[in-house]
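Input: structures, listed below.
Look at the two complexes coming up: subunit A is in both, with subunit B in one and subunit C in the other.
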Partner chain A sequence: MSELLVRAGGLYTTVQDTGRFGYYHMGMPPSGAMDVYSAVVANMLVGNPDGAGVLEGTYVGPTLEFTDDRVVAVTGADVPVTVNDEPVEPWTAIRVGSGDVLSFAMIRAGCRAYVAVSGGIDVPVYLGSRSTYTLTGIGGHQGRKLVDDETLPLGSGDGSARPGAVVPEELRPELAGPAELRTVIGLCSYRLTEDALASFLGTDWKVTKDADRVGYRLRGGKLDFTDREQPFGAGSDPANVVDLGYPVGSIQVPGGDEPIVLLNDAVTGGGYATIGTVISVDRDRIAQTKTGDAVRFTSVDLDTALAARRDRRERIERVRREITR
Partner chain B sequence: MTTIKAQMPGVFYRRPAPEKPAYVDDGDKISEGQTIALIEVMKTFNEVKAGESGTVAEFLVEDGDEVDVGQDIVRLGEV
Partner chain C sequence: MTEKIQLPPARYEYGGDEFVFVELDQAMSLEANFAGMAVTNALREEAIDGVVDICPSNASYMVQVDPDRLDPRELVEELRRLESTVGTLPDDYVLKTRVVDVPVLFNDPWTHETLMRFRDRHQDPDATDLEYAARINGFDSVQGVIDAMTSAPWIVTMLGFVPGLPFCYQLVPRDRQIQVPKYVRPRTDTPERTFGFGGAFAVVYPVRGAGGYQMFGMAPAPVFDLSQSLPDFADDISFPNANDVLRYRAIDMAEFEATRAEVENGTFRYRIREVEFEPAGLLADPDAVNRELLEVLYR
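Up next, the complex of A and B:
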């Protein structure tokens, strides 16, 4: 069996794919790559199906040694990558062989780097996905982040990888800040005062240290809730409502001063007012913000959100045409 | 100027626990691989290790400060 040697796990590297869907109603979030675009494009570059298993590294990437001939691609965050200490290009399909070592230097911009290897990271499929959900320890590689000195199984590639294929600059994500996050206001925005909603949209929020695959906690303003009589079944905090399902990407503001954007590994429901939901396409964008970066929210309607999703799909198809030309 | 840089963003701490002494003080000799501080991010405390041996000339950030990736944390002097 072919293996990938993990020499160093990096800070927080997990196996992900495009997500585990169909179990949200049971309380299981989708997991999956936080920046879907970068993960899918990485797979394309190495000739994998879009939903093959990739590695998602956070801040400090892993060090990987190959044991056979493969094609590898790194996308996502802007970070210098080397093979055997020689710089290699990101967003490019690179041929590697047994004994070659891929490593990362310090990130320059963005937060998460994706590594796709031809054949895919072939961990067992659990409930239809190879994604890791670390909070419950399921999926991916033993349900956890990678550690130093272990091995990952690789699938066999179908030989369709094209070493040397490059994603053109204009089809790579913009990483310069502040990140503009298009947001559909609701479901519980009625709990905010008019001024508070305006202030939410007018504030440059800063990503705190509590920003991971579960959610991003932000700081930078204070939002007031309207007075109300506490309904039966709702908690006493003004931010509490009667329990509801939380959309992935929804924003809640416990205490009024620290908005939390729920992401791929988040709790699926609860009793906090969700004042808006970051559109799916822009979750790729927040995934590439790091602690200390600024984000702002722009109000859009559902049609805009759906159009953005179509645009991303078309963009992905453009990449496919470019690299298979 | 030789420095040790933060490899990740987060909150910087000079001691392993609030009641514990600092890992190292100004003027201390440090060796490669030695833990000199912590950075808290994503709900974990990550050790900052010296990339080379030397002497701590000066800490450039305060305990509890927020640091960014690539920020200089410590200036190193002669061994």
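Up next, the complex of A and C:
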């Protein structure tokens, strides 16, 4: 059986694909690659289907040793990558063989790097997905992040990888800050005063150290709620509402001073007022921010959100044309 | 029963491009929950391509959509149509669901040990969570509030926060609802299977973890089973479904231990009965309908 040796797990590396759907109603979030674009493009470079299993490294990537002939690609964050200590290009399909070791240096920009290997990371499919959901320990590789000195199963590639294929610069994501997060304001935004909503949109927020796959906590301002007699069942805090569903990407402001953006491993519901939702395409963008980075929210309507989604799909198809040329 | 609650017009909101959120009321009521139940059940039956998931919640619901297959605006149009046709819940609307016996050991040693560790985060550091709940809800004793929670059944109005966690609302009029605030600051620990209470909702924590609900007791049987080793979990890792009627039944330590042993050796099964009832009838005479529900359960 073909394996990938994990020499070092890195800081927080998990197996992900495009996500696990149909279980939100029972409280299970989709998980999946936080930066969808980078994950899909990594798979494309190595000739995998878009939804094949990839590794998502956070801050400090893993060290991986190959045991047979493969094609590998690294996308996402801007980070120096080496094979056998020789620098290699990111966003490029690279041929490797048995004994070759892929490693990462310190991240220069962004937060999450994606590693795709031809054949895909072939962990068992659980509830329709190879994605890891660490909160309850399901999916991926034993439901957890990778640790040092273990092995991952690899699938067999179909030989369609094109070593040397490169994603042109203009089709790589912008990582320079501050990150602009397009947001559909709404849900329970009526809980905020008009001034607070304006201030929410006008503030450069800083990513705190509590920023992971569940969600990002931000700091930088204070938002006031409108006065009201709390409705029956909502609880006494002005930030409380009768417990409701939280969309992936939704923003809540417990205490008024710490907005939380829920992401792929979101808690699916709860009792805090939600004030809007980051559009799906810009979850890719926040996924590439790290502690201390600045983010700001801009209000957009549904049309803009849908157009951004079409744009991303077109970009993905352009990449496909470029690398299969 | 108390005066019938009139719902405001539903509010339709886009949760970005992948979710539609519908608020039926800002306040919790059985009326709001039943209205959401009627619409979400009807939507599920329509099996529309592009509807990824349907998530009923307490006084609202959410639909996850794949915008590449279904324009969220078209979905909202359909939801509005359903609201006008089934959302007012006709008097003869019959809910087919199941009623389940859920044993709970109140005042158990495990949640007691945990709550004592977090007294500094509680409204009333000198009382237990149950003593506090009894006092602020006007009961003379802890037994009084336990009797109130176990005498009438509950309906699962929402699943979520974490996988398999059921939010349950008691099938009694608003003036008989028990209400408690959440902890002043959330705990960093809650034992698995804790019977918790926050706002007007009772829950069973599926897994150990952080939590803000008051801790009243412990269920011997799981609501979540990743290994799917118990027969009730053969099809699903999570036991409760939205609309399930749960009867929380107070048990003693001997029954707790006996049930734990059944869980451990893989033979435990919940007592479950299929049941039908009319939500309108329940709103009109909750005590009569609750008697029937319990009669079916223990027949």
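In this text, the second predicted complex is superposed on the first by the 325 of 325 C-alpha atoms of A that agree within 3 Å, B and C clash if a C-alpha of one lies under 4 Å from a C-alpha of the other, contacts with A are read in each partner's own complex, and residues count from 1 in each chain.
Everything that follows uses one rule, which is that a contact is a pair of C-beta atoms (placed from the backbone, for glycine too) under 8 Å apart; a residue touches a chain by one contact, two chains touch by 3 or more.
Note that this is a predicted model, so its numbers are computed, not measured.
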Winner on subunit A touched-residue count between subunit B and subunit C: chain C
First (subunit B), second (subunit C), both or neither touched by A:A116: neither
Could you say whether A:L244 touches subunit B, subunit C, both of them, or neither, answering first, second, both or neither? second
Using the touch definition from the top, say if A:V71 reaches subunit B (first), subunit C (second), both or neither. neither
Using the touch definition from the top, say if A:V295 reaches subunit B (first), subunit C (second), both or neither. neither
For A:T58, using the defined touch cut-off, is the partner it touches subunit B, subunit C, both, or neither? Pick first, second, both or neither. first
Touched partner set for A:R309, first subunit B, second subunit C, both or neither: second
First (subunit B), second (subunit C), both or neither: which does A:D210 touch? first
Share the list of subunit A residues that count as touching for subunit B in one structure and for subunit C in the other. none
Spell out the residues on subunit A that touch subunit B in their complex, using ranges where they run on. 11-12, 58-60, 106-108, 209-212, 290-292
Where on subunit B does subunit A make contact in their complex? 5, 7-11, 40-44, 46, 66, 68-70
Contacts from subunit A onto subunit C in the complex sit at residues 21-28, 135-138, 183-184, 186-188, 231-236, 240-245, 247-250, 267-271, 274, 277-280, 302, 305-306, 308-309, 313
Could you list, by residue number, the parts of subunit C that touch subunit A in their complex? 13-19, 21, 23, 25-29, 52-62, 64, 67-68, 71-73, 158-165, 167, 169, 174, 177, 179, 181-182, 198-201, 206-207, 224, 226, 236, 238, 242
